[in-house]
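Chains here go by letter, A, B and C, matching the order in which they are written, and residues are numbered from 1 within each.
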Amino acid sequence: MERSRHQGMAKNTYMRWRLPLVCLLWEVAMIVLFGVFVRFSPEADAHWEEEKQEMNLTSDIENDFYFRYPSFQDVHVMIFVGFGFLMTFLKRYGFGAVGFNFLLAAFGIQWALLMQGWFHSFKNGEILIGVENLINADFCVGSVCIAFGAILGKSSPIQLLVLTLFQVTLFAVNEYILLNLLHVKDAGGSMTIHTFGAYFGLTVTRILYRPNLEQSKDKQGSVYHSDLFAMIGTLYLWMYWPSFNSAISEHGDAQHRAAINTYCSLAACVLTTVAFSSMLQKKGKLDMVHIQNATLAGGVAVGTSAEMMLPPYGSLIVGFICGIVSTVGYVYLTPFLESRLHIQDTCGIHNLHAMPGLIGGIVGAITAAAATEDVYGKEGFIKAFDFTGAYQTRTPSVQGGFQAAGIVVSLLMAFAGGALVGAILKLPIWGDAAAENCFEDDVYWEVPEDEESDVYHMHNPDKPASP
Amino acid sequence: MERSRHQGMAKNTYMRWRLPLVCLLWEVAMIVLFGVFVRFSPEADAHWEEEKQEMNLTSDIENDFYFRYPSFQDVHVMIFVGFGFLMTFLKRYGFGAVGFNFLLAAFGIQWALLMQGWFHSFKNGEILIGVENLINADFCVGSVCIAFGAILGKSSPIQLLVLTLFQVTLFAVNEYILLNLLHVKDAGGSMTIHTFGAYFGLTVTRILYRPNLEQSKDKQGSVYHSDLFAMIGTLYLWMYWPSFNSAISEHGDAQHRAAINTYCSLAACVLTTVAFSSMLQKKGKLDMVHIQNATLAGGVAVGTSAEMMLPPYGSLIVGFICGIVSTVGYVYLTPFLESRLHIQDTCGIHNLHAMPGLIGGIVGAITAAAATEDVYGKEGFIKAFDFTGAYQTRTPSVQGGFQAAGIVVSLLMAFAGGALVGAILKLPIWGDAAAENCFEDDVYWEVPEDEESDVYHMHNPDKPASP
Amino acid sequence: MERSRHQGMAKNTYMRWRLPLVCLLWEVAMIVLFGVFVRFSPEADAHWEEEKQEMNLTSDIENDFYFRYPSFQDVHVMIFVGFGFLMTFLKRYGFGAVGFNFLLAAFGIQWALLMQGWFHSFKNGEILIGVENLINADFCVGSVCIAFGAILGKSSPIQLLVLTLFQVTLFAVNEYILLNLLHVKDAGGSMTIHTFGAYFGLTVTRILYRPNLEQSKDKQGSVYHSDLFAMIGTLYLWMYWPSFNSAISEHGDAQHRAAINTYCSLAACVLTTVAFSSMLQKKGKLDMVHIQNATLAGGVAVGTSAEMMLPPYGSLIVGFICGIVSTVGYVYLTPFLESRLHIQDTCGIHNLHAMPGLIGGIVGAITAAAATEDVYGKEGFIKAFDFTGAYQTRTPSVQGGFQAAGIVVSLLMAFAGGALVGAILKLPIWGDAAAENCFEDDVYWEVPEDEESDVYHMHNPDKPASP
C-alpha cells in the first residue's frame, strides 16, 4: 500500500491545501453572489398571500410547488443516487464515484442557480428562485455528471470542480441559445443535457488522453458486489426518468403525456438491450455493462419529444432502436473510439448519452415538424409549442428546422467548450493521478484496511486483527 | 469455472439465439399492437385544454396526474427496486434476481397496458391510457414478480418471459371477473395480485419440481452483504406499501385512509415478526429471512380493506396476526411444503403473499359486510363501494359474499392457470439449467472474475493480477 | 465462532423469551390503546364528502393528503433507509444497524401516534389521525434514531425498545412545551428532534459508559463495501431533507421556501465538509466518515429557520459553517468526548445532530427576532408566526426570546430524560453484550457462514462446500 502511494506521488496528488482552498473560496463566492442576487420567487415568498389575491387563486394548491415538487425529488435522486451509484461499478473506485459525484453536483447546483437565474429568472436586478429553478439546476448538473462518466477514475476532485464551473457556464449559454433564441422545445434535455453533456465530456477525455492507461486495466473492471451497487443507480435512473422528462413540462396534459411516453420508451429499451447483449456475446450470456447502461438510452432519446404528441407506439419504437444502438455501441464502438480516436470513455457515455441524445434531438425535430392542429387541438397546439408573441406565425415545419438547428448548436458548443476546458484541465497543477494509479480510491480517499483479512478475522475473533 | 459451464451445457442453457429472438419478436408485437390500439387518455392528450372546459375544471391541478403520480412512482420503485433487490439475498444470484426481474417487468408492463386496456379502457376501438393505467400495469406485473419468487434461481430468462406473457393475460381476466363481474373492491390487490400471483407461482413451481435440487443447496443461502442488499428491497417495499394500497383508490378520503391503514398494519407486523423470529430459534437469535419478508405481510393483508373504514386498530390486529403467520410459515411450513408436497418455494412466497393474501381477502369481505351508512355517511357509503347503477341495491352483506367469491375465483384461476403454464414451462426447449447449476449467475451472465483475488490484488498493486 | 458466542453468554444475551415478550406485550398494548382512542381525521374519514360541503371545498385535491403525502413518503424513507443504512458503516454490524432501526422505528411510530395524538389531535376523547400525524410520528422516531446512533453496537434490542418507549414519551412532552406553551416555531425540528434527540442519546451513552470498549475496537471500523452501503443512507437523508424541513410547514409559500432553503444549506455544507476533511488529514485525503455525516449538518441547522424568510444566502452561510463545525467535531471533539468525558458516541451524533441542532435553534431565534412586516407582508407575517389569538400582540423580538427558551428547555429535557433512561438501561436485565462482543451482529442475529470460503467455493464448484 505504501508503495502504491509513493508511486502516485510521482505525480503530485497531494490535495491538502489545493482542494480546501478551491472549495472554500468558491463557496464564499457563492455566498456573496447569492447575497447580491438571489431572492425567493413570488410563490416561495411570504408575500404569497397577497400574490394569491392578485392572481385570483383560491387555493394554496395552485402554488407551483405542488405541481413540481414530487418530480423535483425524483430528479434529485437521479442526480445523486442515480448517477452516483451507476458509476460505482468499478471494483475499487466506489468512493470516488459516489463521493466526487456528490461534491461536483453540490457545487454545480449552486452555480447553476446563478447562471440559469441570470438568463431566465432575472427581474429588477434579482434572481427569483422557486422549485422550477431547483429542477433546472439539477438538470444542468446532470450534464456534468454525464461528462464525469467519461473521465471517471482519471481525474482529481479539483479537476472535477473546475470542469463543473466551466461546464455549467457553457450549459447555461447553450440552453439560452436553444430555448430563448431558437425557441426550441427540449423539456427532457435530449439536446441541452445529453447531447451537450456527452460530447463535451468526450472532447475533454480526448484531450486528456492517457497513452499508458492499460497500466491500470486490471482495475477498470467490476467485482460481483460493485455490479449490484451499480444496479441501484441504474434502476433509480430508469424508474424516475418519467419524472425527469416531465418535470418542467407545462402543467396538465404535457406533464402527464411526457411521463407516459418515457415509461413506454424505457420499457421497450430493456427488451432490445437484453436481446443484443445476449446476441453479441459468443456464449450468449448477458453483460452487466449493457443492462446497467443501455436500458436507459430510451429515456434519453425521448427527452425532447416525450411532452409532444408522440404516440405511445412511437415511444416504443424509439426505445427499441436505442436499446440496440446503445448495446452495439458498447460492444463495437467504445473499443474503436479508444484504440483509433484515443477517446477513453470510462462509462461509455457515448453509447448511453451521446448517440441517444442525438437520436432524441432528431426525433424531437420530426415530431415537432409533424405537428398539426388536428392532433393537438387548436389551443393545445399553441400551448405545446408556445406559438405566441413573436412566434405566433411559426409553422411546425419551421419549428422542426429550429429543433434541428438546436442539435447542431449543442454539438458545436460541446466540441468548442470541451476543447477549451480539456486544455485547461491538462495543466499539470490539478493533482490528477498517474496512469498506474487511475481507478483507485486510495489516491484521494482514506480507504479502510484489507477487507479480506477483516472477514477472516470476524470469524476468528480470538485472533488479533493485525497478525 | 470452465467445468461448471460445461456441466451447465449438459442441459442446453445456451441463450444466444433463443433469448434475442423472443425479446425482439415480442417487442415488435408490442409496437404493432400499441400502434393499432393505444392512444392517450383525455387527461394526457393535448386536447386537455378543451376537455377542461367541457368538464368545467378551473385548474390543471384537477388532472388525475397530480392525484396519482407520486403514488405511481412509489409503486414503480416497489416493482423494480423492491422486488428486484428483495431477491438478491442469494449469495450468487444477485444479477439474476435484479436483472431478470427488470426484464420480465419491463415486458410485462407493456403487455399489461394492452390486456388491462382491452378490458377497462377500451373506447371506440382504442385503448386510452393515463397514469392510472401505468399503476395498474405495475400492479399486474407485481403478481408476476411474486410468482418469480417461487422459481427464483431455477428458471431461464425465456421461461420467465413466457411466464409473464401468460400470467399477465390470466391476471387481466381474473381482475375483470372480480372487479367488473363480481363488482368486488380490491384496491391494494390482496386477491388479484397476492393471492392470485402467489398460488399461481406455487402451482408452477410444483409442476416444475426438481428432485435433485439439493445438489445446489450450498448456493441457496445468503452471504453477509447479500442480506444487506436484500434489506434495500425489503425497506422500499415496506415504506412505499401505503402508496401501493392507496394508489388507485378514489380521490380524497379513500386514498388518505388506505395509506394510514397500511402504515399501521405494517408497523404492527414488524413487532410480531421480530417476536416470533426470536422465539422460534432455539438460541433466540433473529433470522434475516424473517425480517426481510414477514415484516411485509401486514401490507399484503390490508390490501383489500385498507381503503374501507377498517379502523386503525383493526389494521394493527391484521398486521399483528400476519407477522406471526408469516414467520411461523417460514419456520415450519416452507420445509413441509418442500419435503411433502414437492413445492420448492425459493423466496417463501407462500408465507409472504399467499397466506397473507388470503387473510387480506377475508378481512376485506368481513369489513365490507360490516359496513353501515352510519360509519361511512350516506354519500360515503355509496362512494366507497360504488353502489350505483346496477349495484344500487346491493347490501353490505351481499357485497361481503361477493368479496369472498372473489377469493375463490382467484384461487381457482391461479391453480388452473399455474398448472397450464407450468406444463408449458416444463417443455425441454426453454434452456433452464440443471439442478446443480441452479442459483448460480454464471449460467446466464458474464460474471466478473474472482472477487477474492481482486481484493488481494488491490492491496498488493505491484503483484500481477493472475499469479 | 462458537467461542465468541460463549463469551457473549458471559453476559446473558439470550433473547429468546425476553424479546418476544416485550414485542408482543407492547404491541397488544398498542392495539388496545388504538382501539380506545384512535380514529380517522375528517379528511381520512368516509364522511369527507359531507365535510367537503361544510368547508365549501370544491375539489378532492384540497384534501391535506395531496399537500403532504409526497413529503411524508420522503420522510419515511429518511427514517428507515436513511438512518438505517447510514449506520451500516460498521464492518460487522449491518444487520443490527438496519434491523434494529427498523424495529425501534416501527414500534416508535405507533407510540408516537398516541403520545402526540393526546397532546395535539385529541377531540372528544378520540385521537383523530391524518397524514400530518404520520409525518409527526416519523419525526418523533427520528429523534430516537439519532439517539440510537450514539449507542449503536452496544445495546440489546430490548434496550432499544425501552429507550424508544421513554424517548417518544419525553419527546412528546418537550414538543408540547415548545410548540404549545412557548408557541415556538420549529417545523424541521432543529430543537425538538435534533437537539433533544442528540443530547438525550449522548446522556444515555455517558451513563452506559463501557470502560473496556477498546476490546472491540477492531470492529468499530468500516470495510470498503460497508462504507458504500452507508452512503446510500447519507444520500437519501441529504436528498430528502428538503422534504423533511418542509413537510409540516403551512401550505403554500412556507413549504416551498423551506424546501429551497434546505436545498441551499445542504449544498454549501458539502463543500466545506470536503474542504475540512482534506485539510485536517495530514495526507490530504478525504475521510468517508465526514462525507457520510458532516454533509448533512446543513439540513439539521436550518430545521427551524428554513420556513422563515431566511434568504437563500443565509442558508448557504449556515451550511458553510455547519460543514466546518461538524467535520472539526469528528476530528477533534469525538476523541476528546470519549477519552475525557467518557461519552462513547458510535456515530458521532454530537457532530451531526447536537451541535448543528443548537446552531439551528439559534439561527431560528435570530431569524424570528429579525422578522419584519416589510419582509413578510402583513398577512404573511401573521401567518408565518401564527401571531393570532393569544399571541396576537407578540413581537418578533419576543418570539426570538421564546425560540431561545425552546433551546434551553430541549437541552434540559434531554439531560434529565437521558439520565433517567440511561439509569434504567443500566439495569443488568436487558441482555446487552459484553464489551468484547460489541459491534458484532453474531450476538443477536443468525449470521450466514463465512463469506470468504463461499466466494472461494463459487469459483471451484467441484469442491465441496465444507472441506
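Here, contacts are C-beta pairs under 8 Å (C-beta built on N, C-alpha and C of every residue); 3 or more make two chains touch, one makes a residue touch a chain.
The model shown is predicted, which means the values in this text are computed figures rather than measured ones.
When the CA atoms of chain A are superposed on those of chain B, the rotation angle is 120 degrees to the nearest 5. Two copies of one chain, chain A and chain C, touch each other, and the residues they use overlap weakly: the shared fraction of interface numbers falls below half. Between the Cα centres of chain A and chain C there is a gap of 31 Å. Each of the following residues of chain A touches two or more other chains: 61, 66, 70, 92, 225, 232, 451-452. Of all the residues in chain A, the ones that touch chain C in their complex are 14-17, 19-21, 23-24, 26-28, 30-32, 34-35, 38-40, 43-50, 52, 59-61, 63-66, 69-70, 73, 76-77, 80-81, 84-85, 88, 92, 94-95, 98-99, 102-103, 106-107, 109-110, 129-131, 134, 157, 225, 229, 232, 444-449, 451-452, 454-459, 461-462, 465. Those residues of chain A whose C-beta lies close enough to touch chain B in the complex are 1, 3-4, 61-62, 66-67, 70-71, 74, 91-92, 218-219, 221-225, 227-228, 231-232, 235-236, 238-240, 242-243, 251-257, 259-260, 263-264, 266-272, 274-276, 278-279, 281-288, 291, 295, 309, 311-313, 316-317, 320, 375-377, 379-381, 383-384, 436, 440, 450-452.
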